[in-house]
Amino acid sequence: MSAVLLIEQILNGLQFGVMLFLMAAGLTLIFGVMGLINLAHGSFYMIGAFAAAATAAATGSFLLALAASLVAAAVAGAIVEMTVIRRLYKRDHLDQVLATFALILIFSEGTRWLFGSFPLFLEIPEYLSGPISLPFGIQYPQYRLAIIAVGLLVAVGLFALIARTRIGIQIRAGESDREMIAALGVDISKLYTFVFALGAALAGFAGALIGAIQSVQVGMGEPVLILAFVVIVIGGIGSIKGALLGALLVGLTDTLAGFLLPAAFGLIMEPSAAASVGSSLASMSIYVLMAGVLLFRPTGLFGRS
Amino acid sequence: MRKETILNACVLLGLLAVPLWALRVDEPFIITLATKAVIFAIAGVGLNFSLGLGGLVSLGHAAFFGIGGYSMGILASHAQSYTPLMGWPLVIDGTNSMPLIWLFAVLISSLFALVIGALSLRTSGVYFIMITLAFGQMLFFFMISWPAYGGEDGLVIYVRNGFPGLNTLDPIQFFGICFALLCGVLLAVSRIARSSFGLALGGARQNEERMQAVGLVPCKLYLIAFTISGAITGLSGALFADLNRFVSPTMFSWQMSGEIMIFIILGGTGRLFGPVVGAAVFILLEYLLGGLSEFWHVYLGAILLGVVLFARGGLIELIVGREVAHD
Amino acid sequence: MTDPILDVRNISKSFGALKASDNISLTLVPGEIHALIGPNGAGKSTLIKQIAGGLQADSGEVWFDGENVTGKTTVERARLGLGRTFQVSSLAMDYTVSQNVVLGALGHRGKIGLKGFFRPAMKDTALLDVANDALSQVGLDGFAKTRTSELSHGQRRQLEVAVALTLSPKVFLMDEPMAGLGAEGSLRLTGFLDQLRQQAPILLVEHDMDAVFSLADRISVLVYGKIVATGTVDEIRSNPIVRTAYLGEDDET
Amino acid sequence: MKLKFLALVTALTSVAGVAQADVKVGMITTLSGGGAGLGIDVRDGFMLAIKQSGRDDIDVVIEDDQRKPDIAVQLADRMIQSDKVDILTGIIWSNLAMAVVPSALAQGKFYLSPNAGPSLLAGKGCHKNYFNVAWQNDNLHEAGGAHANSIGYTNTFVMAPNYPAGKDALTGFKRLYAGDLAGELYTKLGQKDYASEIAQIRASGADSVYFFLPGGMGISFLKQYADSGLTLPLVGPAFSFDQGILQAVGDAALGVANTSQWSKDIANPTNQAFVTSFQAEYGRLPSLYASQGFDTANLLISAVAVADVADADAFQAALKAADFSSTRGDFAFAENNHPIQDIFVREVIKEGDVYTNKIVSTALEDHSNAYVSDCKM
C-alpha cells in the first residue's frame, strides 16, 4: 500500500468527519441548550438536500441551491420547534424519542408525497467538478476539498458565534443553568427557536453539500443521524469542541478501518474472504470506538459528568 | 377493584376474543395479526421491565429480540439440514422443539444482556441510550455480513417448530402458545415488581443516593433487571421468528428497538399492561391506516405525536387516570 | 473516656482553590450527640458526605467501629452501620411512606436472595415489623399508605429519620433533620433524638440552635472548612472565637 | 400495508376464456419507503398488461411489504389464508423472496417472480410451481463478465455491497470473466460515500471496473466516480442504470455500459407497443422493472387462457410453455423454470432532456443459468 493512497484516505476520512460535524453540531447544541434528544435531525438533512435539488433544477445555480437548503431547513426547524418541540423540553427523554420518531415518519412520507418515490438529481457545479493535483502526485476531487474547507469554516464560525457574540453568551448560559438565562432577561423561547433553527439549518446545509455527490432520496437522513449521535456521544453531549473532535475521529475510523482492515486480513487469508471479513469488522468499527470511549469516559471526551 | 385491573382484564380478554372470533368467521390472517401483537407485547414487557421499573432507557433491545430470533433460526436450520451445531468439545444438535429453542433463546439473550448491561451501566442517562444503541448496531452489522447464517438474506425455516401435543402450524394453536407465554411473563413480571427486588429496583430508579444509604447497590439491581429484561425480549424474538418461520438482521435494526419502545410509551411507561395495550393498538393502527393511503406513515406519525403531546402517560392513563400509589 | 465509634482523622478536601475541609478531626463516642454547627457554606455537608462515603477525601482517614473505612463505598459503610439522613429529602417520592421504610429494612437485611424475586415485599412480615416500628417511633404511623410526594416537608424529615432507624445503625449521621419542621415538630423530634442517643450516638448537623443547645453533649464549630472549636454547650456558648465567627455574626437560625 | 385495490377490469371486450372461476393473484411488493420506485414499476407494468388483456376474471390483490421480510411473510400468510389467492407475485428483493416463496410453494401456491432470482430457488430449492420471469440473480453479472472478455479487459476491479446478493454478483461476474482481478471490494450495505473505494481503484492499476451497487448506492458511486477524474471504463448490471434512477445520476452515467435483458429500444412490436402504452398510461418511461411486471402478467394471462389454475399440472405446463410475446423477444424457460433469453449490453445516452439506454451489443445469446443441473424437480 502506498503512502499516497493512505494520504488520500486520510483526506477522505477528514471530509467525512467534517460532514458529520455539520450534522452533529446542531444535534449537540440542541441537546446542550434545551436538553432535547432530536431523532428528527436527519429529516432536516433530507429537507436541505431536497430543497437544494429542487432549487438547482429550477434555477441551475448551485449557490442558490445551498442558500435554499439553509433557508428551507431553518424554516422547517423553526416551525417544528414552535409547534411541537417546544412542548417537549420539560418531558423526559422517552417522550422526546417517541415524538421525534413520529416526526421522522411524517417528514419522510411527506417528502415522498411531495417529490415522489424516485431519487432527485443534484450535481456538483462546473467550477468545482473534477480532480485537482496535490503534492506527491495525489489527484483529489476539488469538491471534496471544498467540503473540508467549508466545514472547517462553519466550525470556526460556530466557535466565534458561541465565544464572541451576545447570542453565544446566552447559549452558554443556557447550557450551564437554565434558570439563569431567564434571570438575565433573555427571551428563552426565542433563543430556543433560534438554536433549533440554527441546528436544522446546519443539517440541511450538510444534506445539500452531500446531496451533490450522493443520492437525494427519502430516508437519506437516518443513517447519518445515527452516525451523528455516535459523534456527539463520543465528543461529550453539549460540547461543540467534542462534536468536532468526535466527528473527525468517527470519519477517520470509518474510512481507515474500511480500507485497512480488509488489507490486514489479506495478509493471512485469501483475498475474497479477507475482503468479506475485513469489511464486516470495518462496518462495526465506529460502534466499537464509541463503546470503547464510553467505557473509559462515561460522559464522552469533553462531557460534563 | 382498581380501574386499571379491570382494564387489564379487558385487554387480555379482548386479545383472546379477537382471534377466536376470527377463527369463527374464518379470517386466519386476523389470528396472525393478533399473534404478532401478543409477541410484540412480550418484547415490550421485557423492555418495560428495565425501562419502566428501573428507568433504564435502552435503545438497543432489538439486539435481544434478534438474538432470540437467531437462536430459533440457527437451531432449526441445523435440525432442518441434519448437521450438528457444534461438533466439539461436545456435540450439540439442532432442534425443532419450541421449548428447547425458548430455553436456548432465553439463555443466550440473557448472557448477552449481562455483558452488554455490565458495560453499558458504566454510563447513565442519554449516554446509556446511546451506548445500548451502539451495541445494537454492532450486532446488526455483524449479522448482515456474517455469511454462515444467511447474512442480510436471513434464514428460512420451512416448517414451524413443534410443541409437544400441539399442531403449531394451526394459527389458533400457535396463538394459544404465544398468549399463554404472554400471560406467564406478565404474571412473573408483576410478581417480581412487587417483590423485594422490584421494590429496591423501583427505589433505585427514583433515588439512587437513598438506595446506597440503606446499603443496596443500584448498579447490581440495574444489571439484574437488564438481564431479565433481555431474556424476556429474547424469548419474544424466538416466537417472532417462529411466527414468520424466518429470521433476518432487520430484527436487530434500531428501528426495531424504537418500535418496541413505542409500544411502551403508547400504552404507558412502567405500567404492567402498557406494552400490551401499546403493541395491540400499534398493530391495529398499522392495519387500519395501511388501507387508507400509500402514505399512511404520515397518519401513524401524527397519531403517535398526538399521544405524546396530549395523552401524557400513555393510553392507559388516558382511560384510567393517573397511577395511584399502592403496595 | 470510651473509645470513639467514629473517628475522623485529619480530613482535607479541596474543590479547586476552595478548601472545603481543612484538616478536620472529630470523634463520636457511644451515647453522645455531637453537634456540628457553622455558617452556610462552612463545609458541613461536604464533611458529612466524606464520612458517609459519597465523596472521597483528598487526605486523611475515617475510622468506624475500629475499622479504617476511608476506601469503602457508601454501600459498604451503610452496611457496617452508618445510618444517614439527608439535608434535602432523599426518598423514593412515588412510593408510599411504608414502602420507603421497608426499603430501609430490606437494606438492613443485606441481601435480596432468590426468594426476594417472588415474595411480595409488602407482605413480608419481618420487613413490615421493622418498618412499622420505625414509623411509630417517629410518629408517622398514621401515614403508612400515603404517597411520599404528598407528605409535608416536615413529615419527609421524619420519614428520613425513620428510614435511618430501620438500619439499626451504630451511628446516625443527621444532616439538618429539623429544617422546615416548625416549632412543635422540632420539639417532638428533639425529645425523640434525646432518647435515640441511647440506641446509637448521633453526629448532628443542625441550624436550630435551641435544639442543638438542649441536645448536644459536645459541639464542634466549623468555619471555612476548619473546626475552630469543640466543647460542651457551655464552653461553646462562652467561646469568644465562636461568638465572633459565628454566633454573634449572623442570626440566620 | 393494505393498499388494496382489486383490479376489477371492466369487460370492454368479451374474451373467450376457459369457463372457470376467477383467478386470484396476490401481489406483494414494495410501495413505500426507500425502494418503493421498483415495486411501483412492477405493479404498474403488471396492471397495464392485465388491463390490456381485457380479462375480468383475474383479481389482483396488491399489498405493500415496506421492504420488510416479516411484513412480506405476514402478507403472504394473509393472502393465502384469507384472500385465498392461487398465485403470488411481485416481490422485488431476494431476501424477501427467500422469506416468502418456499412456504407459499409448500402450501401448493404458484409463484411468478417479476424480479428476484436467488440461486437457491434456481438450484436445490427449485420447484415446479415457481417460475422466474426476470432472471436468475447471477445472469446480468455473468453477462458483465462476458462483456469484459469481449472488450478485452484483463484486469478488472470488482466491487459489491457486503451481503449475500453482493457476493453472488461477484461470483456471477467471475464465472465467465477470463481476466485477472485488480481488486475485490465489499462495501457496507447502504454506503453512500465511495471516496475510499475510488482511491483504491485509482491505486490498483485496473483497466476497468465492474460494480454492483443497486439503488441509491449506485447513484452515489457514479456521481463520485465521475468527479474523481478517473476514466477507467465502468461496467455494471442494469440496476444502477434503471430509468427511475438515471435522472438522479445525470451526466455522470453517460456512456457507461450496463447489462440488461431488456431495453426500451428492443425492436420487437410487443416492446414498442408496451413502451408507448406505458408512457400514455402513466406519463413516464417504463423501466426494466416495469417490463418485468408486464411480462409476468402476460405469462400469467397466457396460462390462464389455456388451463385452469385448479388443475396444477395443466397450469404448470401452460406456464412452462411460455406462450406469450415478451417485450424481450425470444423467451423460454429452462429446466428449472428460469428464463433462457438474450442479455444485452446497453449504454447510457441522453435523448433530449431524458437520460436513457440504448443497446450496443449482445453479451450472451439464449443464456440460461448455472444452476439447472442442481435442480431436481
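For clarity, chains are labelled A, B, C and D in written order, and residue numbers in each chain start from 1.
Note that in this section contacts are C-beta pairs under 8 Å (C-beta built on N, C-alpha and C of every residue); 3 or more make two chains touch, one makes a residue touch a chain.
Remember, it's a predicted structure, so these values are computed and weren't measured experimentally.
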Exercise. Which chains end up grouped together through touches if subunit B is skipped?
Worked result: A, D | C
Problem set entry | Farthest chain relative to subunit A (centres taken as mean CA coordinates) | C
Exercise. When you take the mean of every protein CA atom shown, which chain's own CA mean is nearest to it?
Worked result: B
For this session: With chain centres taken as the means of their Cα atoms, state the distance from subunit C to subunit D in Å.
Result: 76
Exercise. Hey, how far is the Cα centre of subunit B from the one of subunit C, in Å?
Worked result: 44
Exercise. Measuring from the mean C-alpha position of subunit A to the mean C-alpha position of subunit C, what distance in angstrom results?
Worked result: 50
Problem set entry | Centroid distance [mean C-alpha coordinates] between subunit D and subunit A, Å | 35
Seminar exercise, completed: In subunit B, the residues touching two or more other chains are 141, 144-145, 147, 295-297
Exercise. Out of subunit C, which residues touch more than one other chain, so two or more?
Worked result: none
Exercise. Subunit A: which residues touch two or more other chains?
Worked result: 108-109, 112, 276, 279-280, 283
Exercise. Using the touch rule from the top of the page, what pairs of chains touch, sorted by label?
Worked result: A-B, A-D, B-C, B-D
Exercise. So in the complex, which bits of subunit C are touching subunit B?
Worked result: 52-54, 73-75, 78-79, 84, 86, 90-96, 98-100, 102-104, 106-108, 110, 112, 115-122, 124, 127, 145-147, 163, 166-167
For this session: Within their complex, state which residues of subunit D touch subunit A.
Result: 32-34, 36-37, 40, 162, 167, 170, 181, 184-188, 190, 192-193, 195-196, 199-200, 202-203, 215-217, 219-220, 223-224, 227-229, 244-245, 247-252
Seminar exercise, completed: Within the complex, subunit B is touched by subunit D residues 1-4, 31-33, 64, 68-70, 73-74, 77-78, 81-82, 94-95, 98-99, 102-103, 106, 118, 162-165, 167, 186, 188-189
Seminar exercise, completed: In the complex, the residues of subunit B that touch subunit D are 27-30, 32-33, 36, 141, 144-145, 147, 150-154, 156, 158, 171, 240, 243-246, 248, 250-251, 286-287, 290-291, 293-297
Exercise. Once bound in the complex, which stretches of subunit A touch subunit D?
Worked result: 1-2, 4-5, 8-9, 12, 15-16, 108-109, 112, 117-121, 123-124, 129-131, 139, 141, 143-144, 210, 212-220, 223, 255, 258-259, 262, 271-272, 275-276, 279-280, 282-283
